[in-house]
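Below are structures written as structure tokens.
Both complexes shown next keep chain A, but they swap its partner, so chain B is in the first and chain C is in the second.
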Partner chain A sequence: MIQLLNGLVNGMILALVASGLTLIFGIMDVVNFAHGELYMLGAYVGTTVLAAGGSFWLALGVASVTIFCLGAAIQLVTLRPLLGRDPLATILATFGLSLVLQNYALWQYGPVARKIQEPFTGHFRIFQLEYPWYRIIIAVLSAAIMLALWLFLKRATWGIWIRATAQDRTMAAAMGIPVPLVHTAVFSLGGAMAAASGVLYGPLVGVDQTLGPGIILRAFIVVVVGGMGNLGGSVLAAVFISLLESFASLWMSPAQAVIVSFVLLIVTLLFRPTGLFVPTPK
Partner chain B sequence: MARRSGYWIGFFLVLGALGAAPLVLPEFWRRFVTEILIWGLLAMSSDILIGYTGVVSFGHSAFFGLGMYGAAFGLLRFRPNLWLALAFGLLAAATVAAFVAYFSTRLRDIYFSICTLVFSQIFYVIIFTWTEVTGGENGLVFRQPPLSVPGWQRAFTPATLHWFVLSIVTLTYLALRQVTRSPFGMVLQAIRENESRTMAIGYDVKRYKIVAVMLSGLCAGLAGILYAVQNRFVAPNFVFFDVSGEVVIFNVLGGMGTLVGPVLGAAVFFLLREGLSRYFTEYYLIPVGMIFMLTVIFLPQGLLGFLRRQLNQ
Partner chain C sequence: MLAARDVHAFYGKSHILHGVSLEVRAGEVVGLLGRNGVGKSTTLKTIMGLVRPARGAIVFDGRDVTGVATHRLARLGLAWVPEDRRIFPSLSVWENLRTGLDRAGVGHAKRADLLEKVFRYFPLLAERRYQAGRTLSGGEQQMLAIARAMMLEPKIILLDEPTEGLMPRMVGQIREIIETLRQDGVAILLVEQSVPLTLAVSARVYIMEKGVVRHEAPAPALRADDAVIRRYLGV
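Take a look at the complex of A and B:
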């Protein structure tokens, strides 16, 4: 039962990271290898704000805004010059970026893991076991952020622009939508979501510079299993995979439980390469 | 005709310089050059995929690592014989390569990359957790096998080890060069240029890709064996993603699709690392990563491609 709850909570965080990744892919055709590093840097900015005496919520806000700005800068400097080039070039560029950011974090913050103090320490009893409230709050908050994103894409002018750009870049540009600006905004937005999840998840795992590679692989799996560029599919896939890993860790060590999701990914790629939760194209 | 003889003059000049290296260089640099040759071989193997077939493998560490572990297994469980290590390493790498090739070649573009990446992580987890056979996190330590031919046997000195590595790398290079110029290599390049059209012409693209991945994996395994023999230990770190990433960096820095370029890229990378470590200590990847990104944006052909174009003008 605890496994079920843990799986759900991990799944929501993973969904938050993966939805940023899939958003960026869906709109820009960019596979962002540096996404995990944005997540990690977000968590680090959070620790800095907390160390300066700020509250947890302030840390969450500051981290998101900082990474939003960083994302915009990164997109302008590295990805915009590559627009229209081979997709390979963007993969390589973001891979280089992840190296730089990861080692920057190591240099700036040192190799010792930092802790984010959780804002709630209360527990509640469920099935004879103590379960921390904070985990439930994480899941709810992640869901709220994703709901907000969905509403934003559905209703706001910018959201409509983003969806239009995803459908047909040339046509969108012809209709007067500032496509390059939309790209920058989407990259920043994805980054900010990663940063928010970094701060939210920080209290559970501790923050160090290896966070990025750890989450990025799982986020990739989620995005592929859910269908590249498919927001709803990613959320479902994230929860599904986390539940699977959570239950698998009953029988094997957590390190080996990862293999379960790897195998799921490969099976998906072989039989439903467009994603598990996408209707088969006719 | 003049171009071709120019190529061979260059080839023998470089070969001669590399062959003379252990006689004139001090201990540290001698080792350095040997190591660059081994990493260069690994980079060259990955170039078959990145540069010629047009698919990026982010999982070359799996082939490299399995070559290493295969060699170590042969040396520890059977006899400390160089050729036995070679056979075991190649067998291990080939098995893994066949497995990965079968699945990954069904996919295209980024999906291929993710698939190879995931496979390499699977092997990493297996090696990391299967402590009885692989030594887990600590890896395995063994004695260096002597250089032997039937009826003659001598322990490796740094110089003979260097020549041994050099000869294997050179032979592999010549073989791969021949392969890339063969009709088979031409089909691979056709796949890189336009996969759908190649399929439409009637080539069985998947089969060609499988062979390309296997060839590449085999050469990567060879590099792993050489590295294991040189350093007398194997560790799970070499199966981790970092190694695969570095291989991609070598290719991009040096120039994809040239075979020599990746070796040059490996040399540049390690020289940069040595040079920059003085100022940035262990954070040398910050400037290296920036140089890498600048190369991607401004020199998509890599260093060798850039030099070649400058020379042609």
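Take a look at the complex of A and C:
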């Protein structure tokens, strides 16, 4: 039962990171290797706000907005000039970026992990076990953010622009949609979502500069298993994989449980290369 | 209003346009005829800023727009209806229309006006409003493509083979739409395989061969004497 809850909570956070990643891939065909670093920096910005005496919710907001702006700057400086180039060029660029951001964090914040204090410390009892309320809050908030994203994509003008650009970039431009601006906005939005997950998840893991690589690998697995660029698929895959790992850790150590997701990744690539939750194209 | 001057364009290394010059005046329907592969579609794409001319200029509304980004051209009043229609497949009919409708300067009243107009022209689209673009038939997609372009309130529509693959009944409807647009004062640069249709709706016709415009004539003259048509198009 605890495994089920843990799996769901981790799954929602993972889904939040992965949906930003899959959104960026779906619109710009960019595999963003620096996504984990945006998540990590978001958490750090959160610690800074908290250290300055701000509340947890302020930290969450400031981190999202800061990384939104940083994302826009990064996209304009590094990715926009590479538009239309070989995918390898953007992969190298974002990979380089991830190294720069990691070392920046190390230089700025030092090697000692920082802690984000959770805003709720209460527990509740379930099946004779104590379970922290805060974990439930994480899951609910992540779900709320993703629901808001979905509504935004479904109804808002920008949402329609984003979907149209994802489906046919050329035709979107011909309809007067400012495609370069849509790219920047999507990258920023994905970054802001990563930052929000970083702050939300910070209290459970502690914040240091290696936070990025830790989550990005799993986020990539989720994106591939869920189908590249498929938002709903990513959410399902994130929950599915986290539950799988969570239950696997009943029988093996959590470190080994990660193996399960890699096995799932390989099986997916072998049998459903377009994603587990996408009908295989004929 | 729209003019291409000595436009050269390449796809990779192959030289497609070898100096195309043509002109469309405000509210005029102009046909662009030619065999397959002579560069008609490329001419439209180059005007729309989708292919960058290696040499030459595109002038729109008295302004040199060579190299201006496609989305800006769309806002200036150039609309493109591509030959493969390119409906956004997972957007609904309504959302497809919104891609052109959601822009600065379109208030409630104008929005309602524009929608009322396309739904009057294409009642079928009103019926299918919430259906995904990919579920429409070829003819319905063509109508949606034209309706979507109309949302931009264009001064000119670059219309690429609108009747390709359509049933005769649909062809008649497309012809009516071209007439209606002309009466509304919208200019059209029409690329078509069907010579009779082109001659029927156009005021003037350009004939292209191997990446250049070989011949220009008023449509009535070509209707009266089909020697030119036979020479260049072999029909």
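We take it that the second predicted complex is superposed on the first by the 282 of 282 C-alpha atoms of A that agree within 3 Å, B and C clash if a C-alpha of one lies under 4 Å from a C-alpha of the other, contacts with A are read in each partner's own complex, and residues count from 1 in each chain.
Criterion: a residue touches a chain if its C-beta (ideal position, glycine included) is under 8 Å from a C-beta of that chain, and two chains touch if they have at least 3 such contacts.
Everything numeric in this text was worked out from a predicted model, so none of it was measured.
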item	value
First, second, both or neither for A:I160, with chain B first and chain C second	second
Touching partner for A:D168 - first (chain B), second (chain C), both, neither	second
Partner chain in contact with A:G176 - chain B first, chain C second, else both or neither	second
Which superposed partner A:L99 touches (first chain B, second chain C, both, neither)	first
Which of chain B and chain C A:S55 touches, first, second, both or neither	neither
Chain A residues touched by each partner, larger count belonging to chain B or chain C	B
Residue numbers on chain A that touch chain B, as the complex places them	31, 78, 81-82, 85, 87-89, 91-93, 95-100, 102-104, 106-107, 213, 217, 220-221, 224, 253, 255-256, 258-259, 262, 265-266, 269-270, 273
Sites on chain B touched by chain A in the complex	56, 103, 106-107, 109-111, 113-115, 117-119, 121-122, 125-126, 128-129, 241, 245, 248-249, 252, 282-286, 288-290, 292-293, 296-297, 300
Parts of chain C lying in touch with chain A, wherever the complex brings them together	48, 50, 69-71, 74-75, 79-80, 82, 86, 88-91, 95, 98-100, 102-103, 148, 151-152
Chain C-facing residues of chain A, complex	157, 160-161, 163-164, 167-168, 170-180
